[in-house]
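Labels for the chains are A, B, C, D, E and F, by order of writing; each one numbers its residues from 1.
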Amino acid sequence: MALVDFANPTRFVALTARVTPWLIALTIALFAVGLYGTALAPDDYQQGATVKIMFIHVPCAWLSMFVYATMAISSLGTLVWRHPLADVAARAGAPLGAAFTFVCLATGSLWGKPMWGTYWVWDARLTSELVLLIMYLGLIALWQTIEDPLKAARAVAVLTLVGVINLPIIKFSVDWWNTLHQPAAVFRMDGPTIDPSMLWPLLVMALAATCLFLTLHLLAMRNEILRRRVRTLRLMEAARPGVGSERSA
Amino acid sequence: MKPLIALFAREWRLSIRVGGGALMGALFFLIVVTVIPFGVGPDLALLARIGPAILWIGALLSTLLTLDRLFQGDRDDGALDLLLMGDTALELVVFIKCLAHWSATGLPLVIVAPCLALFMNMDPQAILATVLTLLVGTPALTFLGSIGAALTVSLRRGGVLSAILILPLTIPVLIFGVSAASSLLSGPAGFMTPFLILCGLALFSLVVGSVASAQALRLAAE
Amino acid sequence: MKPLIALFAREWRLSIRVGGGALMGALFFLIVVTVIPFGVGPDLALLARIGPAILWIGALLSTLLTLDRLFQGDRDDGALDLLLMGDTALELVVFIKCLAHWSATGLPLVIVAPCLALFMNMDPQAILATVLTLLVGTPALTFLGSIGAALTVSLRRGGVLSAILILPLTIPVLIFGVSAASSLLSGPAGFMTPFLILCGLALFSLVVGSVASAQALRLAAE
Amino acid sequence: MNVLDLGAHAGFIIASYAIFVLVVAGLIAWIWLDGIAQRRALAALEARGIRRRSDVTTSEPVAKIEPGDVRGVR
Amino acid sequence: MQLTVDYVTIERGGRLVIDSLSFRAKAGVALVITGPNGIGKSTLLRAIAGLVHVASGTLRLDGGEPERTLPESCHYFGHLDGLKSALSVQENVAFWQAFYGATAGQASVLDALNQVSLDHLADLPAAYLSAGQRRRLSLARLLVSHRPVWLLDEPTSALDAASEARLVDLVNAHLAQGGLVIAATHAPLAFHTLETLDLSNRVSA
Amino acid sequence: MQLTVDYVTIERGGRLVIDSLSFRAKAGVALVITGPNGIGKSTLLRAIAGLVHVASGTLRLDGGEPERTLPESCHYFGHLDGLKSALSVQENVAFWQAFYGATAGQASVLDALNQVSLDHLADLPAAYLSAGQRRRLSLARLLVSHRPVWLLDEPTSALDAASEARLVDLVNAHLAQGGLVIAATHAPLAFHTLETLDLSNRVSA
């Protein structure tokens, strides 16, 4: 199947129908393995059993940024090539990204209470993650206020691209400001500093969450394509010349 | 009654569809409250102390941001002329418009205020006091602000005048609101006096706002 | 050059004659700065400490208040279409409009800031630092804000929405502005680093603001 | 070693996993219901004889009007 | 029913626009006001609708419902449409019907849309309408709620030939029912019965 | 000079408005676009002016200044006037002259106001103008800066008979100088040379 076929919305819908069962199976399998590893993983000598929160918190944190990056790339597709599937991808991604961001914030807060003694501090990483959530919500809001999806897509694309500036701030906030939050332990220049017995379940969980995202994203994109089709048809229906209307006059 | 219900429904629909409605107001409020710790720094005790003031300023700002188009849109598309020609007293029209505006933008704000107060580390009593004062105070802000909106519409160069007239009027509301909200710690007496004054101000502004705005709009029709 | 000068003169004239914008922003600034002390209480040392932050937050919020009409008027009366059809690059048009807007609303704010700083019991050095950072930072706020104004131009009453879209983007400016303004006490080195970053951010937002707003306006013309 | 021994902070850990599960379940439910709603709307429109242009011109001849097709009549 | 305008003087922006004008408009006869741009046609209509202050003189409607003021007896159809882009075509008309009070025997919203040939667009947002369609939608307001006096300011602008004929029919029907119509226009209109008031003969400004 | 429109398709709000339309417009001949309300006249003009996105097809101006794009060669005279109420009549025109670039040999601001008979109101704020006067003020913009293509959307709406004749004269003069004029209108216009494009004959949607 050529890339051109993939880019055609109708073909895309057909493709999702074929791919989703496999993706769902893969997601479930990965989660099974990951959760098994999570259960086996030893307690941290400092953090005790609460380290198990990490296996949810960190994949969601990564995904919150990954989804935004995906949306930013789709936005380029919208603005530069005016490709309809790019709009759809960006729009379907926003609620998912917001959900992962929310889980990251919530689990982080829950982890913070036993570790730092408070649910919330106004620290650079925490706040920039909150700002990311706000940006997701703002994008969703903008999408809902502009009635015409094509116009909305382009407006949102501009904003998404401008907002990319927040990603490096989140990523490097721990290095730029001294904060309570953990510095990077997995993705660093000199290799991971995390114990292998915790690393592999973490990576599997991250992969599982990514697969989950891909599955949901494909399905949400399909819904969005159908929604647009419904809208177009409704407009066509509305514009059909009625008896004695201007067109027949 | 029917014209008023229809008007309320229309205003409500418009502010939901165009303004984004409740979600927007709340989100905006959230952002304002998020911005403050960035500036002031992450000192939780300090945040708790200035919490009520910040919530009130957020409420004032979001009222001002949404309010100036209260009558502007109707004037620009000619609907104001048609509203003036209805059988319904203009004062009532203004009242309903303000009410719809408040319930679409002010009320959600009052509802989310407690969550934001938690972010600011305020204690339960202070939260209750702040929400109470906001509930009474935001309608006052809306009705007073409507005078400015009406004046802006009527005097083509009136922006300046309306700002000068309106912002000072809102200052008493803001001051009594903030002092009631933040004085609960010093006992119920410290709360009741400013709170009662705030209630008085709110009632006063319901009446004055409707009447003055209607009068200003009549001049605007020229 | 001539089209740009003419545009600047027009914008300037309009904001003086119709405006209200300028004064509204300055008045709001005043209110924010006077209300916070009510919330904080009369602790002068504390006021001096959070003074720069309050001035910055006031500047940010009052920029938001005036910005949403930046392109709205031109769209409503069709002038935006005609501006789009000019030989002048739209990015330049946006740049000039923002510049005129800033000099009519942002600059007055910077000018009154020292007086307000005196109210807050800030010492001369801190005042100087705050005014400097505001001078550099308020244009950045205006240009970033113009993106929100441009994105919401096709929706009447974009007020709150555009604020929601813009505030997250302005947070870095706010952070470095405040940290530069309030870190002078710890020596000139503590000032220069964030100040230089602030200057960088300001330059960056001049470019990004003009380009992104122009892009958004092109889309809105449909 | 008991894998389910979560120590003193079990509540926080369980709450974290519960939030994750709830949010994901919410997403799945939303996508599922949304898909059903869209397909139903599409089916209703097609039942009323509204089709996309491309469908009309490419996938079926224009002349073929099925019984009950009310295209062009209001 | 008769509208009596006696020695009406109107100033706008400090300039005298209409100087002591008197005329009568009778039910069943359309009064067409003509004259060059800026002579004061719109000003006069807005004054009758109560939207412009009259410096001196009187405006009186005899034979209407006694408890209603003159502006409350008028439909004003001016340059601006009073439409909300965010509301659907139907919602726009329905609001004005409810606000002005639905009168028994008047057209329902869908009827009215049908009469201005917009029924097939009823659920579309008003933002999607073309210039002429907006104008017609605004016209539908006059049909859903009865008011005896119709004030039409350049009613045919932006209308195509078919819509213009439809408008003339509607006005004729209103006149036949004993309504009163005052129209300012530059184009000749084919009303059944009409009188013309040429402002340029009176005012020199 | 010739404007070539080839297989242009335009969608608005998700609906197909213009479907693969082709035509040519030649210098010296006014092209008059007609058709019922909502057929797509304004949309077509806005597309030529670069204000509406064209889904497919090409728009090309041959024989114009090569370094200028098509929108930069057009004057658009649409439903909206682009006037600022707070500026005076003269300031309004002077701004557009400066912004579009004053061309040698074009009318000065006062000349242009004279040509649209507004010179006596030059210092009044634009807010004080009547509907037709606003329209004429907007027209003055076309006179102070030269652009070869004029796109006129219902140019005569709100104009009185004398102003309409003036407008026709101005258009004829522009055509005589080798300009290109495309006008959408419902009223017959007395241009010297004209071709008609009736959109209702083409589009079935």
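Keep in mind that, in the parts below, a contact is a pair of C-beta atoms (placed from the backbone, for glycine too) under 8 Å apart; a residue touches a chain by one contact, two chains touch by 3 or more.
Because the structure is predicted, anything quoted here is derived from the model rather than measured.
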- Least hop count linking chain D to chain F through chains in contact: 2
- Using the touch rule from the top, point out the two chains with the most contacting C-beta pairs. B-C
- Item | Computed distance of Cα centres, chain F from chain A, in Å | 47
- Distance from chain D to chain B - Cα centre to Cα centre, in angstrom: 40
- Message: Can you work out the whole-Å distance between the CA centroids of chain C and chain E?
- Response: 46
- Query: Taking each residue of chain F in turn, which ones touch at least two of the other chains?
  - Reply: 12-13, 15, 36-38, 79, 86, 127
- Query: What positions in chain D touch 2 or more of the other chains?
  - Reply: 74
- Note on the structure: Residues of chain C that touch at least two other chains are 17-18, 155-156, 161, 164, 167-168, 171, 222
- Message: Applying the document's contact rule, which stretches of chain F touch chain C when the two form their complex?
- Response: 12, 46, 49-53, 68, 71-72, 74, 76, 78-84, 86-87, 91, 94-96, 98-101, 141
- Message: Looking at the complex, which residues from chain E come into contact with chain F?
- Response: 12-13, 15, 35-38, 42-43, 79, 127-133, 136, 154, 157-164, 186-187
- chain B to chain C touching residues, read off their complex: 15, 18-20, 24-25, 27-28, 31-32, 34-36, 38-41, 46, 49-54, 56-57, 60-62, 64-66, 68-69, 73, 76, 105, 152, 156-164, 167, 170-171, 174-175, 178-179, 182
- What part of chain E is in contact with chain A in the complex they form? 114, 117, 119-125, 127, 160, 162-163
- Message: List the residues on chain B that touch chain A in their complex, please.
- Response: 17-20, 23-24, 27, 30-31, 34, 37-38, 41-42, 44, 47, 119
